[in-house]
Amino acid sequence: MAKSEEIIPVIKKRTIEALLEKGTRIDGRKLDEYREISVKFNVIEKAEGSAIVNIGNTMVIAGVKCVLGMPFSDTPDEGVLIVNTELIPLASPTFEPGPPGEDDIEIARVVDRGLRSTKAVDLRKLCIIQGRRVWALYIDIYALNHDGNLMDASGLAAYCALLCAKISKVSTENESIKILEEKEPLPVQHQAIPVTFAKIGDKIVVDPCYEEELIMDARLTLSFNEEGQICAIQKGGRGVFTLDEIMYCAELGRKISQDIAESIKRQLENIQ
Amino acid sequence: MAKSEEIIPVIKKRTIEALLEKGTRIDGRKLDEYREISVKFNVIEKAEGSAIVNIGNTMVIAGVKCVLGMPFSDTPDEGVLIVNTELIPLASPTFEPGPPGEDDIEIARVVDRGLRSTKAVDLRKLCIIQGRRVWALYIDIYALNHDGNLMDASGLAAYCALLCAKISKVSTENESIKILEEKEPLPVQHQAIPVTFAKIGDKIVVDPCYEEELIMDARLTLSFNEEGQICAIQKGGRGVFTLDEIMYCAELGRKISQDIAESIKRQLENIQ
Amino acid sequence: MAKSEEIIPVIKKRTIEALLEKGTRIDGRKLDEYREISVKFNVIEKAEGSAIVNIGNTMVIAGVKCVLGMPFSDTPDEGVLIVNTELIPLASPTFEPGPPGEDDIEIARVVDRGLRSTKAVDLRKLCIIQGRRVWALYIDIYALNHDGNLMDASGLAAYCALLCAKISKVSTENESIKILEEKEPLPVQHQAIPVTFAKIGDKIVVDPCYEEELIMDARLTLSFNEEGQICAIQKGGRGVFTLDEIMYCAELGRKISQDIAESIKRQLENIQ
Amino acid sequence: MKGKICLLNEEGLRIDGRKLDQLRPIKIEVGVLKNADGSAYIEQGKNKIMVAVYGPRELHPRHQALPDRAVLRCRYHMAPFSVPERKSPAPSRREVELSKVIRQALEPALFLEMFPRTSIDVFIEVLQADGGTRCASITAAAVALADAGIPMRDLVAAVAVGKIEGKIALDLNHLEDQYGEADIPVAMMPGLDQITLLQADGLITLDELKEALKLAKNGIMQIYKLQKEALKSKYLESGEELG
Amino acid sequence: MKGKICLLNEEGLRIDGRKLDQLRPIKIEVGVLKNADGSAYIEQGKNKIMVAVYGPRELHPRHQALPDRAVLRCRYHMAPFSVPERKSPAPSRREVELSKVIRQALEPALFLEMFPRTSIDVFIEVLQADGGTRCASITAAAVALADAGIPMRDLVAAVAVGKIEGKIALDLNHLEDQYGEADIPVAMMPGLDQITLLQADGLITLDELKEALKLAKNGIMQIYKLQKEALKSKYLESGEELG
Amino acid sequence: MKGKICLLNEEGLRIDGRKLDQLRPIKIEVGVLKNADGSAYIEQGKNKIMVAVYGPRELHPRHQALPDRAVLRCRYHMAPFSVPERKSPAPSRREVELSKVIRQALEPALFLEMFPRTSIDVFIEVLQADGGTRCASITAAAVALADAGIPMRDLVAAVAVGKIEGKIALDLNHLEDQYGEADIPVAMMPGLDQITLLQADGLITLDELKEALKLAKNGIMQIYKLQKEALKSKYLESGEELG
């Protein structure tokens, strides 16, 4: 059974490639077609914010927790943002228990880069006492079912968990901090929406499913803010891209990021 | 030789079972008969308290160390109790070097639960400055020879080490703490004496030896205070118990815990 | 290829031994002849001090970093010295990635012992606020190419990195510490120069190369201060020494340590 | 910490309005994860727990495989955001112990000797915790094992009983667990009347233990029914019949 | 942190005096380590990086070996003294990620299928870091692989481009990386015009991305030339000819 | 730290009343642990150390086994309560180094080539530490190896010599170690006059080293006698004869 991951590709590779030649994919999508995204907001009441994101059968949960902590010495007036991803064995027969490996860490760091570059959260508003006490924002991302494109699902879950997060108000008097009952929304000011492509042979598909990922040559993730600017890029996999391919992904990714943003906004409004 | 652990049971299982049918055990004991317990108190002068407990050939040492530390935030007026167990390879050919595994941790946590539930130590008396400075009590338990029932031996060694422990007096003045030469006994106020049973087929024996543990179906530990109340239970092993079997163990365990308490008291008086 | 390390010795052992009988070595040296030592000082501008030491083809880099930290509670008026060695896989096909093992740790501890015993650095001068704030001196030693005698190369690299290290001046006012632009030399007051011997059969050679280390029976390192006093000894390997052999190494080592000290001094003067 | 807040009101109702012998609302969903061979999601009060079962499958590393039976492996893990104070994602000593006792609570129900050289893996992720997570995990894990088509002697159902304000109560929530006098997690194969998990902390007399075990059995029989309904509804949905 | 210091002066020169499209001084030495099968040392500005290549060689532990190709392994590590604040010697999350992307930047250049069951190991030790270490590491690693005699489709050369004061600039140093608006590391097989590594952080428009990639290619072609010269000079020195 | 307290009184006696060339009281018990193949317990001053030997036995994991000899493994560990300030139970760098030098001090005495593919494991647990634990561990380990019936060239006996107040002294206790000028642990195969362990810290001249080694040998010969007596008394007790 452990071997199945290696055997399937050999057989499926040709099928998938033949379909791509005809302009379609193993799951019936077009090459530039993203799967349906559904978001459940605030599923974890005990977290400051949380979201379960489904991209097709891929399912990821993210939770945001706020902890009082120290600022970094080079940013004494800013809160702290920490992103952590675990590809737990619950989500896929190919994941093993143990501390995060290079794949978990890569996802966490790319999500982190996107949020940080776009300044998703106004970290200065998380400063309580300059140089002494700030909110540390932990975003913990757990894969629940892996059917490809965990990068986008993780990035979206993190962003959606921030979007609906509420944080306790605090009062400070003589350096002593009192956490109040009242909560206010996290100061989320910008968007970071990742869109991932897979290159299979000379074809490029968006939002690869698990079987496509198994045989893909290379991967390219671009993350976009609300103005269509890129806030993170990550190339993955053993293959290569040409400059034209990258610009193709960038153009298409920008368009798709707008659709995704629209969809998230709609789903968030539905619950409010 | 590493295989021997697996081969012996197949042969011995029948012998042990046949003997149990006749009401006796591989080492000649009756089913409800505990091995002899001997305790050496204060064997480690550099520890605040210490004890070596022998149950037959099973030998365990526990040492108590006091360290100045911070209280937990939800119990600002109480000292801290930490129990740590290591099944070091010195004690048995089946133990391997390395950080504590699930068996070590289970023993430590069951011992800890018993001591905590019975309030063996009056933790409030270990508070030095409320919310700021308390005694942290480390109980470190090391198996020296494993001939079965490490759970009871560990629990007894921990309890006996507490019983004979002496802790430095402190004086506090303007938030500064001074550790004095004079020592006083630890405030031990209640007892936690574990009694462990093994189920082999449909027979139940108390205080299993190593060979019995190898073939036992299930294990049940009950810990008792001086009034015969239960302060901890832990079922172990792959087997099952009926409600009647559990109540049988509870009744018998309560009786045996009183004998053990008596024996410990006698041995402690002998050295004082 | 991984086997090669075990096969070579069987063949080379006889060659090496036959040569030793004739008073010469596999690389043409005499038994009491040290390889050429070359030192590059201050190769890492971002470190407070650094040195690359070559002993023949053996190459080791050491860097010194100063970090503000707490003193140890039993030496409240002294700075802290921490030596760390990593035998990274870059340096030899026999080294594996991962946290330091017993060989890395042994080197670090012997180097540390030499520097500490000779009081190479006047640690009291690294105290900033007694009991509160001191300089912690980290010496990190990385092997770059392993052709035998990493012990001496590490010890020399550490000592040379200290020799050329410059540390920021600080001003303290009302318990607040200000790190100034101006730097001053580290207060290095004594020398620790290790000289390592290998015993092969009944022959003793100084400064063993890699091939000699593979077949040596035992190893002896002695470290010397500028007055020819011993400041550290470490015997290694599975073999044994007689008292006379040890005294032979001590006498010879003392002489060689003076030559090495001379050579280092010359090379340091060349750059100043 | 014990007894600092009032856990029973004058009418004998608990802080969440329940009677002493009443379970929290329980919802069990089967087959919620596509990749797993079997899966279940349980909500019990505010507990939210996801369980996946993989296997029987080839065991890696192979030298851990047993020639005469399957190895049951179990990992109980709490997500960092599942509790009020963020939990470190690294497994705590508590999680290591619970993984062991949960495994030993499930093992009696399985015919491991039918699948030599394989492993059966139970992965439990606590998404939100509110007291009694080990018991809810066992309840859900048994359903997930059944969903994976693994033959079982019986389901395993579990619930914690405890003592609050001197009274024996069913299915403690987090506050009752924290401020009550005792907590006693129990798991059974209900159809066989066999106890597969039993733990206790706090102080209880022998009579209280007996009463607690009876109350636990009562709750477990209710949970057992919910487990079977959940399994049935999945297979009816998918047009298949239960075997 | 962005934009706090002035990164371009009135004449359009950068803090180290370079023009926007200018590389830092680069020095590449080949075969500097005796034990390694191949090695290279690079200085790019204040970056000082040592790379050793071992292999193809038998892979341990053996069960990680692949029957149809070599396993490429890569370890990027920063010495504790390589940065202003001492870095812990244990691998950070950043080092784990960079080891992965560097491996994937080099892999397209290798014929791994020629060496089944073996490993090719690339060990990178950053002795001093001043911005752009991953790119300089890739540049040096490709040379070390060639020095080890491992057949390659092409060398891989890399450079980071970025945005400072709104302008696209080549080969960012540490200050430009820290205070600039974007950092975009790029690696290519220059002879094949293929991109093997691409990352970005900061904010850039699509047009800026295109401009950045063109500028990167420009710098990479210069570095490619330096790589080939370094290799040539080693083999000329040693009296051998380049194949 | 050196020289802060007075380690020698006016009569030349040490803080525990001993003369410079005098050992602390030593007690050695053999065969104290039932499970171990060989075991010994030593008290030397306030040092209390337990040693177990297992083997020769099959080595796991098997790939570490050697085709032509046994692997000697050694684990020196200090119990957290063995020292005034609680020690973390995780192995420290000091314990890692001492495990290595103790192994290399014992290895010359063993005929490892007689037991290919096996391991001989020496487990040392320091229950109370008062200076000189590595030497007392070696002394006890040699006895435990003999008790396990493992053929030996000779026993290994060890003692630390040192310099206090300018004088060479035998068998330093903890205070002498801490406040003295030098500490020199020595192990020998006394019957063969061979040194198997030698370390030193502190400052000593060559003449002092020579004097120290002679004094060490003197102490070691006394300890050697105690080792043999301990072994003899066990075998007399059990009615067996020493071979």
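The letters A, B, C, D, E and F name the chains in turn, as written, and every chain counts its residues from 1.
In the analysis below, a residue touches a chain if its C-beta (ideal position, glycine included) is under 8 Å from a C-beta of that chain, and two chains touch if they have at least 3 such contacts.
Quick caveat, the model's predicted, so the values are computed rather than measured.
Touching both chain A and chain E: give me those chains, sorted by label.
Correct list: empty, since no chain touches both.
Give me the step distance from chain D to chain E, shortest route via touching chains only.
So the least number of steps between the two chains is 2.
Just tell me the minimum hop count from chain E to chain F, counting one hop per pair of touching chains.
Minimum step count, chain E to chain F: 2.
Looking at C-alpha means, what's the farthest chain from chain A?
F
Can you tell me which pair among A-D, B-F or C-F shares over half of its residue-numbered contact pairs with A-E?
The A-E interface is reproduced by C-F.
Would you identify the chain whose Cα-based centre sits farthest away from the centre of chain B?
When every chain centre is compared against chain B, the largest gap points to E.
CA centre of chain B versus CA centre of chain D: separation in Å?
Whole-Å distance between the two chain centres: 27.
Between chain C and chain E, tell me the centre distance in angstrom, where each centre is the average of that chain's C-alpha atoms.
Once rounded, the distance between the two centres reads 31 Å.
Averaged over CA atoms, how far is the centre of chain C from the centre of chain D? Could you give it in whole Å?
That pair's centroid distance is 58 Å.
Just the number, please: Cα centre separation of chain A and chain B in whole Å.
Here the centre of chain B sits 48 Å away from the centre of chain A.
Quick one: label the inter-chain contact graph as line, ring, star, complete or other.
ring
From chain B, heading first to chain F, list each chain in turn around the ring.
Read from chain B toward chain F, the cyclic arrangement is B, F, C, E, A, D.
Show which residues of chain F lie in contact with chain B when the two form their complex.
The contact residues of chain F facing chain B are 33-36, 46, 48, 50-52, 54, 57-58, 60, 75, 77, 79-86, 89-90, 121, 123-125, 127-130.
Which part of chain C faces chain F closely enough to touch in the complex?
Within the complex, chain C contacts chain F at residues 74-75, 101-102, 105-106, 108-109, 113, 116-118, 220, 225, 228-243, 246-247, 250-251, 254.
For a test of understanding, state which residues of chain B touch chain F in their complex under the given definition.
For chain B paired with chain F, touching residues are 1-3, 43-47, 50, 57, 59, 61, 63-65, 67, 84, 86, 88-93, 97, 99, 138, 140, 142, 144-147.
Show me the residue ranges of chain E that touch chain A in the complex, using the header's touch definition.
Against chain A, chain E makes touches at 1, 93-94, 96-97, 99-101, 104, 107-108, 182, 184, 189, 192-206, 209-210, 213-214, 217.
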